[in-house]
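As structure tokens, the structure follows; a few thoughts come after it.
Here the chain labels run A, B, C and D in written order, and each chain numbers its own residues starting at 1.
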Amino acid sequence: MAEVLDTAWALRWIRNTADVISAERTQLIELDRAIGDADHGENLDRGFTAVIGRIDAGEASATPASVLKLVAMTLMSTVGGAAGPLYGTAFLRAATALGDAEEVDAALVATLVGAARDGIMARGKAEVGDKTMVDAWTPAADAARTAAQDGATPADVLAAAARAAEAGARGTEPLIARKGRASYLGERSAGHRDPGAVSSALILRAAADAAQEGSA
Amino acid sequence: MKKLINDPRAVVEESVEGFGIAHADLVTVHPDPLFVVRRDAPVQGKVGLVSGGGSGHEPLHAGFVGRGMLDAAVPGAVFTSPTPDAIIPATTAVDGGAGVLHIVKNYTGDVLNFETAAEMAAADGVDVRSVLVNDDVAVEDSLYTAGRRGVGGTVLVERIAGAAAERGDDLDSVAAVAQRVIDGVRSMGVALTACTVPHAGVPSFELTEDEIEIGVGIHGEPGRHRIAMEDADGITQRLLDPITSDLQLVSGDRTIVMVNGMGGTPAGELYIVFRRVAQLLEGLGVRIERSLVGNYITALEMQGASLTVLRADDEMLELWDTPVHTAALRWGV
Amino acid sequence: MKKLINDPRAVVEESVEGFGIAHADLVTVHPDPLFVVRRDAPVQGKVGLVSGGGSGHEPLHAGFVGRGMLDAAVPGAVFTSPTPDAIIPATTAVDGGAGVLHIVKNYTGDVLNFETAAEMAAADGVDVRSVLVNDDVAVEDSLYTAGRRGVGGTVLVERIAGAAAERGDDLDSVAAVAQRVIDGVRSMGVALTACTVPHAGVPSFELTEDEIEIGVGIHGEPGRHRIAMEDADGITQRLLDPITSDLQLVSGDRTIVMVNGMGGTPAGELYIVFRRVAQLLEGLGVRIERSLVGNYITALEMQGASLTVLRADDEMLELWDTPVHTAALRWGV
Amino acid sequence: MAEVLDTAWALRWIRNTADVISAERTQLIELDRAIGDADHGENLDRGFTAVIGRIDAGEASATPASVLKLVAMTLMSTVGGAAGPLYGTAFLRAATALGDAEEVDAALVATLVGAARDGIMARGKAEVGDKTMVDAWTPAADAARTAAQDGATPADVLAAAARAAEAGARGTEPLIARKGRASYLGERSAGHRDPGAVSSALILRAAADAAQEGSA
């Protein structure tokens, strides 16, 4: 197992994300249709397609942070809705946390995930339990920190984060939404998974897979 | 899904392009990033008014760009708030030196994107202020929700604040009158059918032939209650009651009333609703000083209607009556 | 059938009552027999303009009563032409001594009822003239049919003849300009869905999820061809082609174009159609001098649109631009 | 069999008509939905309901003609559409043909039906074969004249007219409409019966039944 992740990992992460968002576009639209306005999958797909376009055009430069910053700026200007600024902020804070590091070790991976989570919470003011993407990112950040403290590899830190995010996303199902569009539904929001939490788990799983692939 | 569209992903661009051709005397369309400005923007010395939001609510917002109303509209994808990279140039394009007011409907997406844009435009030296429209009484306004949605009241805010800006009020005053309208306006909607977002291809929710959705939003979000179909008079009562009680309307109050179609309901039915509103308000001793009946803020082809009531004071009525010249609202010019 | 109505048989009365309350500054509603007149009718010395027809096409005709357009509108039951006993008092109510022009859409029922009314009003001493609008190119105009239907062109006839009457033209001249508009205007419609007449309770025809009806009328009459769903650009071409060939439009011609919604189609889609019309006409070298995009002559809640093109001359354009003040069309005042 | 019909017959005719139109309202709407605009049954039902209201209010006076004239005026002002003026004219001409006769014999019955037919043709300008109510009234008028010439009773004259009208209405099914709203359909109008021809047959059958009842 590689002890550090690099720019190639960051690029694989984002390509994996674009692929899985495209593959899950319809499912994410369906989830949002149930308790929102049926656009989450469409918006993210549009955003990550634009990101890949800019990566293919050679706009990302040498460091992992430069990749994440490009993602942040592109999502901010192409996704719209709630998820655009939230993911935009998440990737921006993650990029800032990485600074100009060319290699990302386990501790820095945990920091990255935590910074993304903090960005989402700062921007959206949601708490754990409000049935939002925070319910995926908070357990993910906690799991990442614990794994890194326990000496896991970067890939394993990300795998722990992805697992926790997936459990968190599943856990949104019974909750009553208190933030975002689903909150208008009150108790009728219970019984559906939060689309943003589900897409968050997909993004973190893509990161873990990218780390896994790099070390294979 | 049957719609008069081409590529579902080009719906907004093509529609706004057509709008720009049809109303070239009123507006200029900037294609990328997409926004619409008043043809004579920026008007020197006048506060600029910018609104925007997801598309699919036409004529809101582009249909209200022009003299006495908005200076710019920023249309997002269907039902998706626009992004800062479009809001920022729209903001700077209409800054005539007296600052810019953002009129934002209270949805998380709109709030976050306009917030970001406002920060960045301010960093560019524009004096930006924001007001948040949250008139939908179907939604509980509490610490534990995202707050009430912005719906029909937006049209009234845009008109009255637009009139104040046109007569030369400064940014503080325009923001203040906009806020007074927001404080005094409430709305409630009903859906008879759902709408279909082009990229989704299936209706946003399902209603049987006997059900209606009371308290529906303008995005095909399910409402608060699903009830059995009722007649127009019964439905009208269900729309009006929460508004009058929330506003605590009393005999002698003066109002501006809008009966708005959701896009798929014919005008003839809206007048049946308006007739009942007029009867009920008359019963309460509440006066309808001005009214709008028609499609002003829609949810694609949804069948249904919404009712908006503003408790109006003298200044609001005076501003209301000043000339307005936009694609969808026009008088006095 | 889900509609915002009460008793299906009271739909027209209640709707027109609401219309009268909402637009009390413009019109007076006579409840029985039902007709709507301009508030200041009769205008002394001015030719009076009366139109009417089945209801369900709102804003046509009552929405076009007011300065610079109609003096009276006579609404029949839904999709049923009105009766002479309503047309006659409407005619005498707007006779300011200069005679009255009946603007009749070419349907057997409208023709027969207006004909009877005109005879009887003439017997009462009113100088009555009639013009027959028959602009629908979907219908073959031959000895062996009832002739082309009157559809969207009616709006343009009412506006331009109304302007001529307002400037003081005499009855012959107003009738002549109305006839010139009729000679130069053609329309074609498409339905994506059917509509449901309230008293019938079931849709007027059935279309599957993949079918559209090209050449549909404004009464839910089936059109000429039922074809598989196409994109907006393709459909627009199908609407425009028969019009341009029937009118023999050539490069340099000047036009007024209306893209009209059938009631259930959102404005955003109409602008997509308008965009394509503008592109296609530009390709032919035909100029769009003025345009209307919106719901002007509808078929209840039908989804679909119609396209109307008038080959306009200088006088028509000049008349078009004069002030008009009605519920559904307003400018210059 | 009575050799003459009277005002009571005329009143029975109109009541029968109102009943049968109300009973067949939906069928007439359905027929009109297929090739027209789905209002024929509604319009006639509204019209004959109004007629009965005025009869009940005592507006019809002593002669058969006065009954038919009341029908004519009421239909004219309440039915609208094509059928209103057409039936209005038919009943007006029928009334005129009766003059102030208090008793209607077989010859006058035939004259009445012929006058009604002539009125419809004068007003609507349709010919036999155009798929309109003329296709019911013309064979009815012809059959009535023949029966009267053959010495039939008034009741039998009307029965012959009704039978001919029913056959005429059935015969409109294969026709291509050349008048009225159905003509817009061109060839697509074939395969459906004309609603006005069907309602015409109902009206004539009501007249025959009324004569039959009176003589029973």
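Throughout what follows, contacts are C-beta pairs under 8 Å (C-beta built on N, C-alpha and C of every residue); 3 or more make two chains touch, one makes a residue touch a chain.
All of these numbers come straight from a predicted model, not from anything done at the bench.
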For subunit C, the least number of touch steps when starting out from subunit A: 2
Farthest chain relative to subunit A (centres taken as mean CA coordinates): D
Subunit C and subunit D, separation of their C-alpha mean positions in angstrom: 33
Inter-chain centre distance, subunit A versus subunit D - centres from mean C-alpha coordinates, in Å: 76
For subunit B paired with subunit D, centre-to-centre distance based on mean C-alpha positions, whole Å: 55
Residues within subunit A bordering two or more other chains: none
Category of the chain touch graph - line, ring, star, complete, other: line
Touching residues (chain side subunit C, partner subunit D) in the complex: 9, 33, 54, 76-86, 107-109, 112-113, 115-116, 138-140, 144-146, 149, 197, 199-200, 202, 204-205, 217, 219-222, 224
Touch list for subunit A against partner subunit B, complex: 29, 33, 36-39, 42-43, 46, 76-86, 123-124, 178-181, 183-186, 188
In the complex, subunit C residues that touch subunit B: 1-7, 11-12, 14-19, 21-22, 55-56, 58-59, 63, 192-193, 209, 212, 229, 231-233, 235, 263-276, 278, 291, 293, 295, 298, 300-301, 303-305, 330-333
